[in-house]
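Got a structure here, written out as structure tokens. Questions coming.
Each chain gets a letter, A, B, C and D, in the order it is written, and its residues are counted from 1.
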Amino acid sequence: MEAARPEVAHNNSTERQEGGLRFSFLGPRGTFCHAAVLQVANDMDQLIPAIDVPSALRMVRNGDVDYAVVPIENSVEGGVNATLDSLTYHGRLEIKAEMLVPITFALAARPGTQLKDVKRIATHPHAWAQCRGWIAEHLNDAIHIPATSTAAGAQILASTADNPGFDAALCPVPSAIEYGLTVLSDAVADNPNAVTRFIMCSLPGPQPERTGADKTTLMVQLPSDEAGALLTMLEQFSVRGVNLSRIESRPIGDALGRYAFSIDAEGHVEDERMQAVLVGLHRVCPHVDFLGSYPAANGKRVRPRPGTSDADFVAGRAWVRHLLGKS
Amino acid sequence: MEAARPEVAHNNSTERQEGGLRFSFLGPRGTFCHAAVLQVANDMDQLIPAIDVPSALRMVRNGDVDYAVVPIENSVEGGVNATLDSLTYHGRLEIKAEMLVPITFALAARPGTQLKDVKRIATHPHAWAQCRGWIAEHLNDAIHIPATSTAAGAQILASTADNPGFDAALCPVPSAIEYGLTVLSDAVADNPNAVTRFIMCSLPGPQPERTGADKTTLMVQLPSDEAGALLTMLEQFSVRGVNLSRIESRPIGDALGRYAFSIDAEGHVEDERMQAVLVGLHRVCPHVDFLGSYPAANGKRVRPRPGTSDADFVAGRAWVRHLLGKS
Amino acid sequence: MEAARPEVAHNNSTERQEGGLRFSFLGPRGTFCHAAVLQVANDMDQLIPAIDVPSALRMVRNGDVDYAVVPIENSVEGGVNATLDSLTYHGRLEIKAEMLVPITFALAARPGTQLKDVKRIATHPHAWAQCRGWIAEHLNDAIHIPATSTAAGAQILASTADNPGFDAALCPVPSAIEYGLTVLSDAVADNPNAVTRFIMCSLPGPQPERTGADKTTLMVQLPSDEAGALLTMLEQFSVRGVNLSRIESRPIGDALGRYAFSIDAEGHVEDERMQAVLVGLHRVCPHVDFLGSYPAANGKRVRPRPGTSDADFVAGRAWVRHLLGKS
Amino acid sequence: MEAARPEVAHNNSTERQEGGLRFSFLGPRGTFCHAAVLQVANDMDQLIPAIDVPSALRMVRNGDVDYAVVPIENSVEGGVNATLDSLTYHGRLEIKAEMLVPITFALAARPGTQLKDVKRIATHPHAWAQCRGWIAEHLNDAIHIPATSTAAGAQILASTADNPGFDAALCPVPSAIEYGLTVLSDAVADNPNAVTRFIMCSLPGPQPERTGADKTTLMVQLPSDEAGALLTMLEQFSVRGVNLSRIESRPIGDALGRYAFSIDAEGHVEDERMQAVLVGLHRVCPHVDFLGSYPAANGKRVRPRPGTSDADFVAGRAWVRHLLGKS
């Protein structure tokens, strides 16, 4: 689950401490996103919590940080729309790494509170959605108090003297401990396999080296709104033997029924077959955003289908050049 | 934009007032969903606000109401995950009508508040996402206070004597008026064409009559997680000339990388070509949920491609029966 | 290689001897087609040689015979155009059985002739094409004298007293023996695996019983002469998991560039998936001729892909009927 | 219908008269193929009749001639198998031009013969096939005497003193006149639009210049004998917007059920989209023979589909190079 520390050429436009990098992340401290950034940052680096995903990404665009770490996909809730949409708006960013974080919540309260006293629970709506079953079983009549993050409720419980309007918070275990709260349960989760995928983004630049177990992320607008446009787009991948590991529609936003697709494809932009896919998409789609090639966190190696290896493409081009009398 | 009042055979399992129907909807009163339910309900009907989408749908399953009205798709934010997922869990429901509601917000405050005083704004996160640009331009340093609905902030401003922790609410215009608030702006929206699509669901039963401008909603699990599975599924539609007006991936929830697809297809289950698609999907996909055929709110008539009309299917089957010596 | 004797209900429109059937075949006696008809006829039957393929088929249409046996495909020369085209013209016929005959030729001459004396060789052009390599090696300067069948040259050598204009005939071994000729070589063939496929045709009527190792033959005119028409037609097969064992283009004959396709598909018209293919072809193609379902001579059993068995189609239709409230 | 005279760099390995080229063609003189070669040859050139198609092509391979002219496709009978197969065997040749010749026959006899006297007619089997309807109507009981070419019968009638074994010949009108025969009918043809396509071949070398109305001919072996292999191959064309004007299956010859496909595709090897198709075919097919790019005889200009022009490919590749930091 550990992503290799990124090898980053120091970006001169960014002022920073000797030897360290700057990371923005979806704050506050103590969230799962904080756990994600710790997979790639080290002690020399500076971690800066952001109020929301667009803010974290804006810091990269402004040169305030080298990287932003934000969630992109949750195994229960699906794609994180704010991230999918924000990567391409106001200046394209590129993904340089992905990190997986298992999702389990603590039910945390002020010392002295007992489980039976919990009537109102603060947490982020996504967290609430992932714990509804557990709550229904153990705290049948508890009410959800929305918070801006999974850690915010814990922070308020710890820092406010007066009544915060709720009795407990659903938060990551480390944040409960950090804030000195009592953990009433440390395994609140409807799905014990829940995991969230985070990405580390930077300004466009050199891609991480090809490892053989890579992903390429794209945002592709469909050729047209007519029938078969999605099939036409998907054929650009299938005819070159490139598999998709994720595809999500996103409204283009100007009207109902107009979509772009956020796609993770298996392979690296340095793979010949991926380059052929990109040329094909560029030809037939009105807009394609390249959002980076990076090592897959699950380490799953791509096995090219017969006829789709780099050598196959090189041999095919050499043959055509020969037919043209150019070699 | 007006959906015809549904012709519903009264359901004996539901006790209700003489002549009226019961609708649950995503409350509280004053939200856009309230506006949606008013498109289909009349004065005799009973409207019951629900705390969230799963609750609204549960009332249908329990027989507490005849119909639930909930949002399914937003032209800016995309699919409403809670609805997409909840329609199939704990007992399949069917969509009987869809309604479109244009989305514009009012910035509402207590009488006496001026625009320059507004520092903290309460609203639902989706609403906030749709107004970020306007806020940045007019109230640069305003902070978001999350609320459980677009109307909740207005309600609190109106009903609480003490400091509610925010200065204004972003809410539908009618709810601002209903709660006696001052409307500082009545056209807060980054995209003036924003619209939300709502659906009216009931227990499975007879479909609304075919109008020639219909939609059919499905949740389809992919044949497998291997390459080409999505293409295989989409071909079931294209080979019979059925177009899709919406497709969204939803995580199945047990692991990253496993998806089902929520689909709106053009046409009615009484169309021969749609029946052929359904037989095909049932054959090759591990799971298909039929979620109803109903009139399209935009009234767009489906023009079948040559060879895909009902008559074409009937003639083809008659020919094969003839070959088999059965006619 | 033996086809089962066809179980034919005696056709009242055909007068014949007690107990026997009448077969026309591509004559004269002694050809490979004669060998083919012997695979399906018995001693009670009457075998009538025809001067060419259209004549053999016309005898069926006229009610002069019960069956015609003609070649349809040669592993070296490809499809037999006269047969592919004649099955559909002037009244559709149906294939009731297929038979395979291995192709090896004898070089036959009048007694006393020696190999070195052979300068001119009579045979059918197709036979000549299959022996060119052998001739070039053993009789370098020999010249081809075209004959109307593979047996005609042997017959003329045996029956004519005066100079027939050639020294030897390339003919099937049995015909050389029958005509009392000397066999200079009994294994003349460039490809020792050469085989010709013959079919037994009758007027349209009940199909042979489904065996699980069946073929269905079709002549399909393309939807249009535009790009992608062939793909569209082939998808009708692939989407239902039906494989093709042969496909050949045939000019429609009215202009260059307009084609129909002669197709052998794996399976029987009583298979649900084949019926679905036929309905699909009937819908999208301007013309489809069904030319029979019959046991495959090679006995290769068809293994339906998951989701394409009869039970899968029946279950799919039952589900759709259930959705329509019809069961 | 006139093909431009080919611009050929004189081939030093071929000895020839000052200024002239040497053409072999499917003889004898007076055939339609003779008419075809006259479309491209001029008075300085030497025309050498060949006994059959393989012989005509062998003269090119041996350096005895610069070009061979042979038939490749007949609008009634379909592909000319000998040509389709021979272009690739024993050394690949390339097509440099195509010519169309309208096909109408003369019924020619010795002076004094009347139509009612004609009982036996000599001609090539293909010619007989194209005139069967006319013969049946006008000379109901006439018998076919096979000849090795459409002109051979006329030549024999004119040159032999004794009984040739037939009363008339079906031959091209010019050959009837050349041999001094009486033309009993000069418009014998079942289909007045019948046309035969001829090709002019040479050793592999520079392609004729791109005209915008070009064809490329290929022989492609299928990826495998499994289901879907033909679809996979055709997708290589469709995904790049290249249309096919002809496709014919040819048995590979080693066993029934193994095929290669002879294909004419619209466009020139110098078109980017055609090069992409060729690279794709080279990748996924076990064997691809390139048989030349040349101007289409019908002058039909190719209109590339949006996204498939040369500029589209160039722009797509430039974008990918940019992503790779190479420009």
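The criterion applied here is as follows: a residue touches a chain if its C-beta (ideal position, glycine included) is under 8 Å from a C-beta of that chain, and two chains touch if they have at least 3 such contacts.
This one's a predicted model, so the numbers in the text were calculated from it and none came from an experiment.
J.: Considering only chains that satisfy the touch condition with subunit A, which of them also satisfy it with subunit B?
T.: Touching subunit A and subunit B alike: no chains returned.
J.: Find the geometric centre of each of subunit A and subunit C from their Cα atoms only, then give the gap between the two centres in Å, rounded to an integer.
T.: 61
J.: Residue numbers in subunit D touching 2 or more other chains?
T.: 235
J.: Provide the full list of chain pairs in touch.
T.: Listed in label order, the chain pairs in contact are A-B, A-D, B-C, C-D.
J.: Along subunit C, where are the residues that touch subunit D in the complex?
T.: My answer: residues 54, 73-79, 81-82, 100, 125, 129, 132, 144, 146-148, 191, 193, 195, 197, 226-228, 230-231, 234-235, 238, 241, 243-251, 253-257, 259, 305.
J.: Along subunit C, where are the residues that touch subunit B in the complex?
T.: Per the touch definition, subunit C meets subunit B at residues 205-206, 223, 235-236, 239, 269-270, 275-276, 278-280, 282-284, 290, 306-308, 312-313, 315-317, 319-320, 323-325.
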